[in-house]
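In the two complexes below, chain A is the common chain; its partner is chain B in one and chain C in the other.
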Partner chain A sequence: MGVAEEIGFVLLALLGGALLTAGLERLLGTAERGPARPLAVARATALPNADRWLLPAGPISGLAGVLFGTVVIPFGPTLIGRDLGIGVFYFIVVIDFVVLGVALNGWGASTSDAVESCYRIVAQLVSYIVPLGLAYVGAIMMARSLVTTTIVDAQSGLWFIVLQPLGFALYLVTGLMQSYRAPFLEAFSDRIGGGVLGVVGGGPALVWRVTLSGLLFLVAAMGAILFLGGWSGPFLPPPVWMALKTYGLMALMLSLGHLVRPLSTAEMLALSWKILTPAGLVNVLIVGILILLHIGPA
Partner chain B sequence: MNAANIAEIIAFALSAFIAVAGALGMATTMSMFRSGIFLMASFMGVAGLFVLLSADLLGLLQIMMYIGGMLVMILFMVLFMQDPGGAMMADMPDMMTPVGKIFSLGLKQNDPTGTGPEEEGEGRDGDDDNMGDMDMSDMAMVTPAYRWAVWAALLTAGGLVALLLLRPAWPLASGALDPRSAERIGSLLMDKYMVGFEGAGFLILIGIVGAVFMARTGRHGAKADRDSRSAIEDTPPEIEADPLTPLAGDIGQTGPGGAA
Partner chain C sequence: MSDYAPVALVAVLAVGLGLLALALRAGPVRRIEAPSAWAQFRFGYPIYALIFLAFDMEMIFMYPWAVVFAAIGLTAFIDMLVFIAILSAGIAYAWGMGGLEWE
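Up next is the complex of A and B:
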C-alpha cells in the first residue's frame, strides 16, 4: 500500500470501528454511560476562564492518539496500516495521548467539573498502566516479538487465552480501565456532569465521541490480537474474523463491567496496586515457566 | 532531492522547532500548567529527532516516560503552587519578559471581577487586596536568578553553535541500520549493563518505600513532633509597633494554601 492508501485505510478503520462501537454501546447501555453519554453537539458553553491555548489542544491530542494507535492494528495478514517492528509497545505509548488530551481539555476549560476530570484521568493512567503492560508482556514473551502480525501468527496453533487465562482476565479489567467504561468511568461520571464531556460542544464534541468510542474499539481489537488469535479462523475472510472477535470481546467486557458497581479513583488505585499488579507479575512468572517447559508456540 | 528527503527535512525542522520553542515556553510562560506541558512538548520534539535517527524505541520510551511523568508532576505542582493557572500573573504584563508575553497569550482573562480560573479554590482568593501581602519570590516564574539563567543559556547555545561551525567534518554513521535494535537494547540492559540498570531501579524503589514510610501516620513519628515541624503557625505573633491599620476580615487568607 502507498502512503495515501495507508492513511485512508487507517481513517476508514477507525471511523467504522468507532461507529460500530457506539452502536453496540447503545444496545448494551446502562443508566450511567460515562464516555458514551449523549453529547450536546449544538451546545456552546461559555468558558470565561478558559486557557485558550490548551483548550483546543485537547481534542487534537486525543484524536491523534487513537489515529496513531489504529496504524498497527492488523485486520488481515497484509491488511494493516504499517507493520512496525515495535508495534505493541508503540500502541501502548500512543494511546497515552488520549489521557493527555483529556487532561489538556479539562484544565483548559477551567470549570471545576472539567478540572476534576483532568485530575481523575491522570490518576486512572497511573492505576492501569503497570498491570496493562504486564498483561501485554505475557503475550509478547510467548510470541517473542513486538510485531502485531507476528503475535497473531504465533497463535495459529493455540490461542493465548488458553495458555494465559490469568493474563486474559487481567486484560479484561485493565482494558476497561484504559477505555474508561463501567465500572471505571469516574473521570466522566454523571456526578461531575460528564467532566470534560460536559463542557464541550460542536466540533470538539464530535471529536471526543470518535476518540472515546475508537479507544474502546482499539482496546478490544488489541485484546483480540493478543489473546484471541486476531484475524485467524476458518471459512470466513480474515477481516470478518477480526471484527467478530473484536466486538465479541467488547460485548464481554461491557457486560461484565456492568455487573460491578462503579469504583472511585482511590478504589481503582488500590485495586491496581494491591491486586492487579501482583497478579500481572504472577502471570509473567507462569508464562516464563510455560516457556521453559516448551509449552506454547515453537 | 527526492520526496523522501524533503519529508525528512520538514520532519527535522518541525521536531527541532517543537523542541526549542517548547523549552523557551517552559521557561517563560506564566502558567505552571502550561510550563509543564511545554516541557513535555519539548521532550516530544527530541523524541521526534530520535525517530529521525532511526532510534524509534528510544523515541517512544521518551514519549511514554514524559506523558505519564509530566502529567503526574503537573498535578503535584497544582497542589503546591499559589497560581498554577497563571491567571493572576497574566494580569501583570509588566513583570513578564517579551518572550514570556508571547507564551502567556490566551491566559489574560476578560473578567471584570478579577477572579482567576477555578483552581479548586486556590485561585478564587487571589483578590487584589491580598496581592501586596503575597511573597512574590514564591510565585511561579519570578526569580532573581532569571537574568543569569538567560545569559547562561545564551552562552551555552552560542558555544554549541560555534562548535558546529568550527568543526565542520562530522563523522557520519555508515552501514545499514540494525532492524532488531529493540532486541539489542533489551539484551544490553539485561546483560552488560544489568547492574547499573537494576541498581537504578532499586534506588527508585527505595525512594518510593521511604516516601510512603515517612508519610504514614500513627506508629512512626509522634503527633506532637509533627506539629512542631509544621511550617505554618496557627496564630502568628503580633507585629509590634505596626503603623498600618489592620484590615478587617483579612486574617487567615494570606498564607500559602489560604483557601481554608
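Up next is the complex of A and C:
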C-alpha cells in the first residue's frame, strides 16, 4: 500500500470514528453535555483579558497531542506511521499534550469559567494517568515489549482481554476519563458554561472539535491494540478488523459511561486513588503470577 | 534519530494546521465580556498532586521492568513486590492522614 493510500485510510478511519461518536452521543442524549457540546465554529470570539501567547498555544498543543499519538497506532502489520521502539510509552506521554492544550487555552482565556476548566482538566489528569499506566503495564509484561506491533503479535494466540479482564476494565474506566466522556464531564460541564469550549469560536473551536473526537478514537484504538488483538482477525483485511475493534470499543465505552451519573472532580479523584490505583497494582501482581506460571504468550 | 523524523514532520503539520485555524476569520465576532479571572483561588488538590508525583514516577519505573520481567522471572517479581509494598504503605498513610479527602 502506498503512502497516499495509507494517509487516506487513516483519515477515513478518523472521519468514520467522529461520525460514529456524533451519532452515538445524539442517540444517548449526551450530545448537549461535555466535549460533544455544540460549538460556535462559524463565529469567532474576542476575549478582552486574554493572554496574547497562551490562548493561541492551547489549540495547537491539543492538536499536536492527537497527531503525535496517531504516529504509533498500527492499522496493519506495516500500516503504521512509525514503529517506534518505545511505542506505548511515547503514546501515553504525547497524548497528554491535549491536557496541556486545554489548560493553556483555559488559563490564557482568563475568564473564571475557562480557568476553572483549566484546574479541572489537570485534576482529571492526576486521576487517570496512574491507573491507566498500570493497565498498560499488564499488557507490556505479557508482550515483553513497548512496541505496538509486537504487542499485537503477542496476542495472535489469545487476546489479552481474556488473560487480563481486570486490566481491560481499568482501561475502560480510565479511557473514559482520558477522553472526557460521560460520566467524567466536569472539565466541560454545563455548570461552568462548557469551560474552555464555552469561550472558543471560529478556527480554534474547529480544532477542539477535531482534537476531542480524535482523542476518543485514539484511546479506543490503543485499547484495541493492548487488549483486543489489534488488527488480527480472520477473513477480513487487517485495517478493517482494526477499525471494527476501535469503533466497537468506542461504542462500548460511550454506552457504558452513559449508564452512570456524572461524577464531580472530588468523586473522580476519590474513585481513582481509593479504587482504581490499588486495583491497578493488584492487576500488575496478578499478571506477574500468570507469567510465572507460564500462562500467556510463549 | 531518523526514527523520529515522522514525529518532527507531524509537529510541523500540527503547528501549521493550528496556525491556519487561528488565522481563519469567518463570520461575526462574538465578544465575551467577563471580568478578569485574576483572583485568589483555593487550590483543592496540592496533596493529590504530591501523591501523584510519587506514583507517576513509580509507574515510569515499572515500564522498563515490565519489558524484562518475563526474562528475569521470580527475582524481578519479588523486587516489584517490595516496591509495591512500600508504595502501598505510602498510599495507606496518606489515606489514613486524610490526604485523600477533598477540601
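The working rule: the second predicted complex is superposed on the first by the 267 of 298 C-alpha atoms of A that agree within 3 Å, B and C clash if a C-alpha of one lies under 4 Å from a C-alpha of the other, contacts with A are read in each partner's own complex, and residues count from 1 in each chain.
We adopt the following convention: contacts are C-beta pairs under 8 Å (C-beta built on N, C-alpha and C of every residue); 3 or more make two chains touch, one makes a residue touch a chain.
Remember, it's a predicted structure, so these values are computed and weren't measured experimentally.
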item	value
Touching partner for A:11 - first (chain B), second (chain C), both, neither	neither
Which superposed partner A:59 touches (first chain B, second chain C, both, neither)	second
Contacts of A:48 with chain B and chain C, given as first, second, both or neither	both
First, second, both or neither for A:202, with chain B first and chain C second	second
Partner chain(s) touched by A:115 [first = chain B, second = chain C, both, neither]	both
Touching partner for A:269 - first (chain B), second (chain C), both, neither	second
First, second, both or neither for A:292, with chain B first and chain C second	second
Touched chain A residues, chain B compared with chain C	C
Which superposed partner A:85 touches (first chain B, second chain C, both, neither)	both
Partner chain(s) touched by A:236 [first = chain B, second = chain C, both, neither]	neither
Interface residues of chain A shared between complexes with chain B and chain C	48-49, 84-85, 89, 110-112, 115, 119, 126, 129, 146
Touching residues (chain side chain A, partner chain C) in the complex	40, 42-49, 56, 59-60, 63-64, 67-68, 70-71, 81-82, 84-85, 89, 110-115, 119, 123, 126, 129-130, 133-134, 137, 140-142, 144-146, 199, 201-204, 206-207, 265-266, 269-270, 273-274, 277-278, 281, 284-285, 288-289, 291-292
Chain A-touching residues of chain C, taken from the complex the two chains share	3-7, 10-11, 13-15, 17-39, 41, 43-45, 48-49, 51-52, 55-56, 59-60, 62-63, 66-71, 73-74, 77, 80-81, 84, 87-88, 91, 95, 100, 102
Residues on chain A engaged by chain B in the complex (per definition of touch)	48-54, 57, 84-86, 89-90, 92-94, 96-97, 99-100, 103-104, 107, 110-112, 115, 119, 122, 125-126, 129, 146
Residues of chain B touching chain A in the complex	31, 33-34, 37, 40, 56-57, 60, 63-64, 67-68, 71-72, 74-75, 85, 87, 105-107, 109-111, 116-120, 179-180, 182
